[in-house]
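Two complexes follow with chain A in common, the first pairing it with chain B and the second with chain C.
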Partner chain A sequence: MGEEKRIATYICRGCDIDKSLDIEALRNVATNDSGIEICRDHPWLCGPEGIETIKKDVNEGAEAVVIAACSPRAMTAAFTFDKCFTERVNLREHVVWCHEPNNEDTQMLAEDYFRIGIARARKAKRPEPHLEEVNKTILVVGGGITGMTAALEAARAGYQVTLVEKEEHLGGWLTKFTSLFPKRPPYRDPQPTQCQEMVAEVEGHERIHVIKGAAIEKISGQPGQFDVSVKVGSKTVTFRIGAIIQATGWKPYDATKLSHLCYGRSPNVITNVQMEELAGNGTITRPSDGQPAKSVAFIQCAGSRDAEHLPYCSAVCCRTSLKQAIHIRERNPDAQVYILYKDIRSPGQYEDFYRRVQENTDIFLTKGDVIGVEPIDGDRLRVDVENTLIEPHIQVDADLVVLATGMVPVAADGEAIRALKSARELIAQGEEGAKLDAAKETVVKLAHHEGTEILNLDYRQGPDLPALKYDFPDSHFICFPYETRRTGIYAAGCMRAPNDTDACREDAAGAAMKAIQCVELSSQGAAVHPRWEDRSIPDFFMQRCTQCKRCTMECPFGTLNEDAEGTPQPNPFRCRRCGICLGSCPERIVNFADYSIEILSSMIKAVEVPDEDEEKPRLLGLICENDAYPALDTIGIKRLRYSPYIRFIPVRCLGSVNVVWISDALSRGYDGILLIGCKSGDDYQCHFIRGSELMGTRGENIQEKLEQLVLESERIRVEEISISEYGRLQQIIDEFAEQIDEVGPNPFKGL
Partner chain B sequence: MPDAYLVKPDREFVREIIDLGGESLKQCFQCATCSISCTLSPDRHPFPRKEMIWAQWGLKDKLIGDPDVWLCHRCGDCNVTCPRSAAPSDVLAAVRDYTIRNYSFPRFMGKALGKPAFLPLLLGIPAVLILAVLAGLGTLNPPPGDVEYGRFFAHLPLQIFFGSFVALMIVACLVGVSRFWKDLNSRISRQSFNQSSTTASTSSVGTGIVGAVKDILTHTKFRDCTENKNRYISHLLTFYGFAGLFLTTIAVVISEYVFHYYPLPLFHPLKIFGNVSTLAMLVGVTWIIYERARKQRDTEISTYNDWTFIWILYAVIITGIVTEILRFVNIASVAYPVYFVHLVVVFALLIYLPFSRFAHMVYRTVALVHARYSGREEAVESAEQ
Partner chain C sequence: MSGNGKQGKILVIGGGISGITVAIEAAEAGCSIVLVEKNAYLGGRVAQSNKYFPKLCPPMCGLEISLRRLRANGRIQCHTLAEVEKIVGEPGNYRATIKHYPRHVNENCTACGACVDVCPVERSNVFNYGLDKTKAIYLPFEAVYPQRFVIDGGVCEGTSCSKCVEACQYNAVDLEEKPRTEEVEVGAVVFATGWQPYDAAQIENLGFGQYSNVITNSIMERLAAANGPTEGRITRPSDGKEIDSVAFVQCAGSRDENYLKHCSGVCCLASLKQATYIREQYPETQIFIFYIDVRAPGRLEDFYAARQEDEKLSIVKGKVAKIEEDPATQDLVVEAEDVFGGGRVSQRVNLVVLATGIVPSEVGVDVPNGLIRDEHGFLVAEQNQPGLLVAGCAKRPVDVSACMRDATGTALKALQNCV
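And now, the complex of A and B:
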C-alpha cells in the first residue's frame, strides 16, 4: 500500500487508558498493520509537552494526525492544529471508562476505533473555506417595535441596515397604543410607548436606511449575497444585502368569528385593539349611543386557548386588559370594571402590576368560563359566566364588553402559496376527475394565502418562510432561537411567537445577533450555527446526476434550487452542512472534503470482523453526533457498561446516512446495525429538523436491501434519543446486542 | 343547573369591609390555600375562599347571613399561609363586625359603637344616668363611715336600674338574632348541604343548641387551630372567668333576696369562686391584649371594634378588683369614684353587647346552632372523618 498522505498517530496513556489497554499492541495497529511511521504514546498528551510533540510533527509535514485519547468533545481547542486534518479516537469515554479493563474484547474495541480513525485520516481532506464576496448589510422587514429595535441593534453594532416597511410611517402597533403596561419597578403604572423617540432614532441613524411604503418584489441569492428588489410606489429599487430579519408582526384574531360573544351583533362588544383606540380619547363611551360607559366587562381568552379558534395563549392579553382597566378607571371615574378570566397570566414581576390593579375597589376579577354575551334592554349587555367561585352560574351586566383577542402572526406560508398556485394552474388547464377535485379542495383550504407573500423568495420551497405549528415559523426556542428553515433569514417578534414589547426587543436583539453571525461566518466560508466551525461545503459531481430531485426536496433549509430539468443548483451559503443531501443521493454524487460516502465506507470497513466460529459478533452503530454521541460519552463518564461488540461511528445527522453504508456494513459481515438519531415529531430535537424523519422514509429502501440479501429485518434498528437519555441508550445497546445474538451471525461474514 | 345569579357589586360594601380591617381583601387571587390550611373548613363547601371573592365583589347579600363566616374562630392559620398576604382571617373578622352592625337594633347603635367619635357619648350616657339616679336617691355624697357600696347605690335601685337595661339589651339581641336566623334559613336552600352530602343530616334546634353549647364549653374549635394555640387558653380563661362571675352574681342576688344571707364573708365558697373567676379573666384578657398587640404589627389586624371591646372588658375587671380592694382598705374618697367608674364600664360592656364585638357571643352561638340545625356541622364532621 503506497502511503500518499503523511499521517502521524498518537496514543494518550492518561486518564486510566494505559491501565486498561495494552498500549504496545495498540501501537502495532498503526505501525505494523497500517504502516504508519509515526506512532507516539504519551502519559499526558493534552499537556504542553504532548501538544508540542504533535505541533513539531505537523510542522515537519504531517498532513493528518490521529489522536487516540479522550472524546472529541473534550480538549477540542488543545487538539486543533492549523494546516492539518485532525481525527480524534475516543479511547477514554467510549472504551476504557465503559468496558472491562485488560480484557480481550476491550482491546479489540480500542484497536478497531484506532483503525477507524486512521481510515478516516487517510481519506479525509482538510476542508478549504469557500470564499466569495459577502455583503454584510442586514435587511429588516417590518418597522414595528421589533423591526426598529433589530435595526438599531445591528446598526449600533456597526452594520449597515436597510429597513423596509409597508406602511407610510414607522412604529407599527406602537403608534396605535395609548400606553404600555409597566416594564420597570415598581410595576404600578402604565408607561408611555416612547414610539416617536424610537422612530426618530431609527430614521436619524447614519447606518439605517429606511424604505417606507415598500413591498418586496423578490429576494434571490443566498446569505451574504441576497439580491432584493423592492417596489416603492411605481419605482423598483434593487440592492444587495447579507442577511434578513423578518419582523412582520401580528394582527388581531378575527373577532367576527366570535359571534357567540356577541361580536358583530352589538356595537358595544369591541376587541381589545378597539379599546386601545377608545382609551386614547377622553371619556370612554358606548359606541351605540355615545353615553359614558358605566360598566365594562373584559372577557379574557376570547378565542384564545380554544381548540376551535386559537389553541395557544397570546401572552399579552391579560396584562393589556389590566392596563385598560386602569385607563377606564382614570377616564370614567364612576365606571365599574369586570375582568372575567380563565387564568390571569402576569409572569414574573408583572404580578406586582396585577396586584396593583386588583387593589382598585371598582375593578372586579373572577375566574370563570364565559358561555355567552347577549344584548338586554337596548344598549346593555349581559354576560353569562359559569364555574365561578361566586356561584356556579353568574350573570354580569355591562355597557361595554371588551374581547381580549389574541395575536395571529403576519407570516406567509411559502409552501402553501406554491401549492395554491399550482392547484389554480391545474384547474385552469382543465384537468378532470380526481385531480380536479383535489385541486379545488386545495384552493378552498389555502385560499387565505392569496396575496400574502412577504419576502417573495426565489426558493424552490416557496416564496416565504413555512408557516408551521399555529402558523408561526418554527424554531426551537432554546437551541435555535430566531432561526428559521431558511438559512440567513431570522424571525423575530410577534411573527415568531406572541410577545409583549419587552420580549419583542429581546427577540430583535437576538435576531440581529444571529444575522450578524450569519454574514460574518459566511464571509469566512463557515457554516452558521450549529456547525459554525465547519468550513466544508457539499460538492456535487453533476455529470452523474440523474435529476431525481431527492436532494432538493429533502434539504430542510431550501439550499438547493433546481433548473428546469431538475438539476440541483447549489447555494453554498444557504447550506448548514448537515449532509442530508449526501444521505439522500442514490447516485452518491454529493460529498464533503472530510465527510463522504467513501470516507464513511472505509471507516466501516476498517473494523476487523472476527470469523463466525469465534462467537464475537460485530455490531455497527451509526449515531448522530449531536445528541446520541454526547449521550454515549455520558455513559462513559458515569462508568456504565455496555456490550463491547458494537462499534460506533458518528454521523453529522441521521439524515446524512446513505443507504450504501448499510449494504457496505452488511457485506463486510457486521451482524447488526443500530441507527440512532434525535427525537422527531412535533417537538423534534434534530439540529437539522428532519434527520430522523428522513431515516424513517429511507427505511423502506433499507428493508428492500435486506430482502435482496435474504437477511432478517431485526438486524437493523432505528432509535431516537435525546442527549440526556444515556440510561436508555445503554439499554438500547444491550437489548440490541442480545437480539442480534438470538438472530445469529450474518451469513455474509468472511465472504 | 342552578339559576343564574345576577351579580351586582356593591362598592360601598367593599369599602366598609376594608375600613373594618379587611384592607387586604383585594389581594386575594383565589388560590384556596386558606381553605386548605383552615382546620375548621370542611372538604365540602369549604371556606374562606368563596367569602374572599364575595367580599372583593361587594356581594353583601351573600356574606350577611353566611353561616361559614361564623364558623371561623380567627386562629390566623390562613393569614400565615396566604401567598398574597390577603389575610382572609382579618377579612372574615371584618365581615362579622359588619354583620353585627347590620343586625343591630336600633341600627344607629351599631354605627355609633363603630366610631371613635361616639365613644365619649357612649360612656357619658351611663355616667349621666347613674349620676341622675344617685341624685334622685340622694346618695351622691355617700354617708361617712366604713366603705359600703350599698350606701352609695342601694342594691334594689341598682338591680332595677341594671335589670331594666339588661332587659332592653336582651330585646335588642333577640331582634338581631331573629333577623340573623331568618337570613341563615333563607340561604340554606341555596347552599343545601343536605342534598350534596350523603351522610349529613339535620337536627332539631334543641339538639343544635346542646351540641353548640358543648362545643363552646370545651372550646373544641379553638383547640383545632394551629397558628394561635395560646388563644385557646386565653379565651378559655376569659370565657370561664366571665361565666363564673355571671353565676356568682346570680347566686349572690338569690342569696340576698331568697335566703337574706348578705353580705357574704370573705372566705365563703361563693366569694372565693367569684374571686378566682375574676383572676382567670384578668389573666385571660391580659394575655389576649399582649398577643393582639404583638400580632398587630405582623400577622393579624385588631381593629377599633376589637380594642374597645377588649379594653372595656379589661376596665371592668381592673375597676372591679380595685373596688373590692378599696373596700377592705376602707378609703372612701377613692373607693366610691372607682365604684362609679366600674358601674359605667359594666354598663358599657353589658348594655352595648348587641352592638359591640361582644355580640360575637350571641351570633357565633346562633351560627353554631344553625350549623347543626341545617346539617352543615354534620357535613363538616363527616368530611373530617
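And now, the complex of A and C:
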C-alpha cells in the first residue's frame, strides 16, 4: 500500500445527501473496502470550512481527492485544487435528487458511484503538458478582402503574418468592383471600396510578409510547426508557420450553364460581375454595338436557389443588383431598370438601401418567375416573366440583361481528393471484382476534384479541409463556426459561406482570433476548443501496433499520418483529445494519462454486481459528457425518477468507447449496457463530428461479441439524445431497465 | 510565457451569447475579462430559445460547452445582476463603474431549493414571458449559470417574512443586501448588449395584448421548450386546447415606416423553424405563413426548401392587414392580401404567431463623447474611440452563428487595444 497514490476522500452531507443516504456505510466504502485512510464527511463541503479541510490535505501531500458531493458542473471553481487530481462523485444530481431516499437500492447506487470515483482517482494521472517549440506566425492563404483583413487583424495584435496570394497583385474581387453597397448609416449610398488603401496598408505593414504570384506546394507538420513550401515563379521558398487562415474566396457561377437565360446566345446578356466592369467605364453600353443601354433587366437568382444549378442563395446578389441599378441610373439617367426577383433579400439595415431604391420610380421591381430570355429586333432582348405582382404574365424588353449569378467557393474537398486517389491506387494495383467496380465508380464520381488542391496538406486524410456541403468547407455551423475538422486551419470569408464584404471582414477577424488562440494554446501544450485546457495527449504503445489503420482512418481531425507500413504517426498539436483513437484500437494501445482503457475498465469493474438470486439487475450507461451527462443532471434538478439499477460513467465522446469495456462489463455480470451519444447524421450535434456514427459501426462488432458469448442482442442499446431531452432520457432509461428485466439476468453473473 | 501572449484586461458588457463568446475567446488567448450581465444568469435570449435553425438543435448544447470553458477559466470574472454605469478614459486605459444590484442570495448558495418550499410569495415568471409563476426566491431555469437562487426584490416581503433565511442551512440569504458600485480598470470595452423583442402591443390591428391567442415568436420559443411553462406542449393560451390551425404573420411591425423600419434578418427562418415545432406535435394542423419576402440567405435556403415539402404548410405572399377575434370561440380571423391567390383572404385560425423583430437593447452607459447609433438604435461598428467595440445584435440583427463569428473577431479587436 505504501507505494500507492495518496488519496483523500470526502463526502458532503448537505443538499439532502445525509437525509437520503447512510453516510457511515458510505464512508466504509472508502475506508474499510478501499483501504483509504482519509475519508471526511462535512455538512457543507463547498463552504469555506469544507474547502479549507480539503486544501489542508492537499498541502499535506494528497495527490488525488475524491469529492462525493454535487455534479462536477456545480462548484467547479471551489473544488479545483492546484497540483492535485480531483475526481467528483455526483451524489446529489445523480443519486439523492432522483432516487428514493433511505432505500437500499439508492444506497447501493451511491456506494457504487463512490467506488467508481475511487477507482478513477487510483489509476488516473494528472497530465503533464506536451511542450515543444511553437512558431506563432500566422499564414493567410488568399489576398482578397478576407485575407487582407485577417492579415491586418493578426498583425495589429502583434503577430507575424505571411500572406500568400496566387495572383500578381493583392485585392481579389475588390479590385474589380466600382463600389460596395452601403455599410454605414444612413445606408443609402454605395460607398468606395478603399481597396488601394487596404492593399497599401497590408504591403506596408512591418509584420506582414506578402508573397504574390505564389502557389502552395506542400504544408506538412502540425499547429505551431507547419512547414510550408511555396512555389513562386520557378523558385520554391520554404518557411515555418503556426496556424493557417484559408481565405481563398469565390468565383462566379459558370454562366455558360445558363443558356436558357440566353447567356452565350446574345452578347447583351451579361453577368453581375461583368456589369461591375461595365459600370466602371462611364456610360453603360450594350456590348453588341456600344450604344448606351436605355433599358436594363436584372434577373435575380440566375442559377441560384435552383436545384439544377446552385441550390443555395448567395446572399449578396439582391443588394448587388440594387447597387448596380443605382449606378445605371447615375450613368444613363434616362435608362429604365427592371429587377425581376424571387424574394428581395436585404436583411437588417440594408432594408434602408432597398427602400431608397424603391423610391426611384425608374427602377421597377417585381417578384416573378423568369421563364425565358430571347433576342428580338437584332440587339434587344425579351424576358418572359410569370406570376408577377402585376399580371400573371409580362414581357420585359431590354437592351441589356444582367444575370445575378451566385458565388461558388474556391475550395477543395480534401477527403474527396483522398478518396479519388485511393480509388485510383486500387485500380492500379490490379484490384478485381466488386472492389474494382466500386473503385471505378468512385473515380467517375469524384473526377472533377482532380487537380483542385489548394493547401496541399501532407495529411493522411487528404490535402485540404473536408467539405461540408456544396463544396463549402466544414464547420460546426451554428455555435462554433470555427470548429473545423483540421486543427489550426480556419476557413474564412466567401469560401466558407457566401457573404458580403462586412461579414467577410468579421469572419476574417474571427478566424485570426482562432489562429492566434491555437498557437498560444499549443505553446502551452493545451488543446483548442472544445476541450480547452486539456493537457493530455494520446500515448501510442507502438510495439503492439498491428498497423490496422483504424485510428488513422477514424480520427475526425486528421491528427494521425501513417508511415509506409501503416503505423500511425501522431501529431499531438493536431489532436483535439476526443479519444476516438482510443475507442478505435483493437489492440488497446492508445491511452491518455487521465483517460485510458485501464482507467475506464477499473471504473466499470468497481461496481459491485449482486448475485442473480438477489434480483437486482445492474445496467451500465456509458454516456457523452457533453450532452447526456448534463441532461442526466437536469433530471436530478427537476427531481424526476428513474431506475436505480443503472450506473452511469461519462465518456469524452461515444466514439471513444472501446469495445473491450463492453466485454469487461458483460463478463463482470452487468445485465445490459446503454450507450448514449449525441445526434449523428447531416445535422450532427457531436462535438467530435462522428462519435455516435462510429459507435453505430462499432455496434456491429459488439453484436458479434454478443453472439460469441451467446447473449441476447437486446442487452446493448445505442441511443442518441440532445442535452434538452431529459424527459426522453428518463424514458429511455426506464424502458431499457424493463427490457433487461424481461431478457433476464446475464448468465455470466457471478462466474 | 513566450512570444506575444496577451495579458490585457477587457470589459464585456452583456452576458448573452455574443458577450460570453467575446469573453471566452479573448480569455483563451490570454486576456483577463470582466463580464457584466444585467440578468441574474448568463445566456440571454439564447437561453430562452428552444431550438436553432437550421439544425433544430438545442441552444443549451453549445451554451453548455461555452459555460464549461467559462467556468474552467480563471481569467474570467463574471458579474450577474450588474450594470456598467460609466466609462472614462481612453483606449488601453479605461475606468468603468459597475453597479451591482442585490441578488439577496450570496455565494454560499448550493441551489438545494429548501428556500423555495417555504417562500409564501409568487411572481410572474419573466423568463417565460409571464406565462407561469415562480416563487419570489427562484432559480431562473434548471441549467442556469451561475447555479444560484435569486430573490425578486420587487415582490419579496423582506425581513418581515424571512422564512427563506430560516430554511437555508448555508446562510446564503441576505434580505438586507444593498446595491453597491465598484470600479474596474480595463484596456478595452465591448458592448454586447443584445436585443429585445419588439413590443407587439404597439402594432395596431394585430391584436397582441387584446386577444390571448395572439402570441409572438419569442413566446412561441418558450411554449415549445421542454423547460417552458407548458413543458413543451404547444396549446392555445386562452384555454389550453390543441391547435388545428395557426398563422404566422411575418414582418409584424418590421419593414414598416410606422414601427420598425429595418428587417430583423432572422424572423423568416424563425417562423419556418417554429412551423416544425407545430408539425412535430400536430401532423394534421394547417399552418399559414404570410410574408413580404422570405429571406433565407446562404445555405439556409435548404431549410426553406425543405419546409416547402410540407403539404399542410401554406406560404402566402401577402401582408396581414388585420386580426380579429371571434369572441365565441376565441379563434382569430386573419385578414390578409394574397398576391397570387387573387386579392384578399380572410383566414380563421386557432392561434396567431407574430414574427416580431429585433430591437437593440437600451445602453445606458455614459462613455467619452457618447455612443454612436444609427437611426434604428443599433450601435455602429466604429465608435468614437477604437477601444470601444460592439459585438452581435447590438450592432445589427443577425442569427446566432453570425453573432459567434462577430464576437470572436471582436475579441481580437479588443485584445489589440490591450497590448
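Points to keep in mind about this one:
In this section, the second predicted complex is superposed on the first by the 718 of 751 C-alpha atoms of A that agree within 3 Å, B and C clash if a C-alpha of one lies under 4 Å from a C-alpha of the other, contacts with A are read in each partner's own complex, and residues count from 1 in each chain.
Criterion: contacts are C-beta pairs under 8 Å (C-beta built on N, C-alpha and C of every residue); 3 or more make two chains touch, one makes a residue touch a chain.
None of these values were measured; they are calculated from a predicted model.
For the composite obtained by overlaying on chain A, chain B and chain C cannot both be accommodated without a clash. Using the contact criterion defined above for the overlaid structures, shared-chain residue A:E391 touches chain B, although it does not reach chain C. Using the contact criterion defined above for the overlaid structures, shared-chain residue A:S722 touches chain C, although it does not reach chain B. Judged by the touch definition given at the top, the superposed model places A:Q336 against chain B, while chain C stays out of reach.
Touched residues of chain A, counted separately for chain B and chain C, are more numerous for C. Of the two partner chains placed around the shared chain by superposition, neither chain B nor chain C is touched by A:K235. Touch criterion not met for A:K83: it reaches neither chain B nor chain C.
In the superposed model, A:T366 makes contact with chain B only, not with chain C. Using the contact criterion defined above for the overlaid structures, shared-chain residue A:G14 touches chain C, although it does not reach chain B. Look at A:Y350: by the touch rule set out above, it reaches chain C but stays clear of chain B. Of 7-15, 115-123, 187-195 or 331-339, the segment of chain C whose C-alpha atoms clash with chain B in the superposed model is 331-339. Touching of chain A by both chain B and chain C, each in its own complex, is seen for residues 344, 355, 367, 389.
Taken in their complex, chain A has these residues touching chain B: 336, 344, 354-355, 358-362, 364-367, 384, 388-397.
Contact residues of chain C toward chain A in the complex are 1-6, 25-26, 28-30, 50, 52, 54-66, 68-69, 71-74, 108, 110-112, 142-143, 147, 169-170, 225-227, 231, 255, 261-265, 293-302, 305, 317, 339-340, 374-376, 378, 380, 382, 396-398, 400-402, 404-413, 415-416, 419. By the touch criterion stated above, chain B contacts chain A in their complex at residues 1-7, 9, 11, 14-15, 18, 26-27, 29-30, 49-50, 53-54, 56-59, 62, 84. Residues 14-16, 43-44, 46-47, 70, 73-77, 134, 136, 153-154, 156-159, 184-187, 305, 311-315, 343-352, 355, 367, 387, 389, 469-470, 472, 477-482, 497-499, 503, 505-514, 516-517, 519-521, 523-524, 529-530, 532-533, 626-627, 630, 633-634, 637-638, 678-679, 683, 685, 687, 722-727 of chain A touch chain C in their complex.
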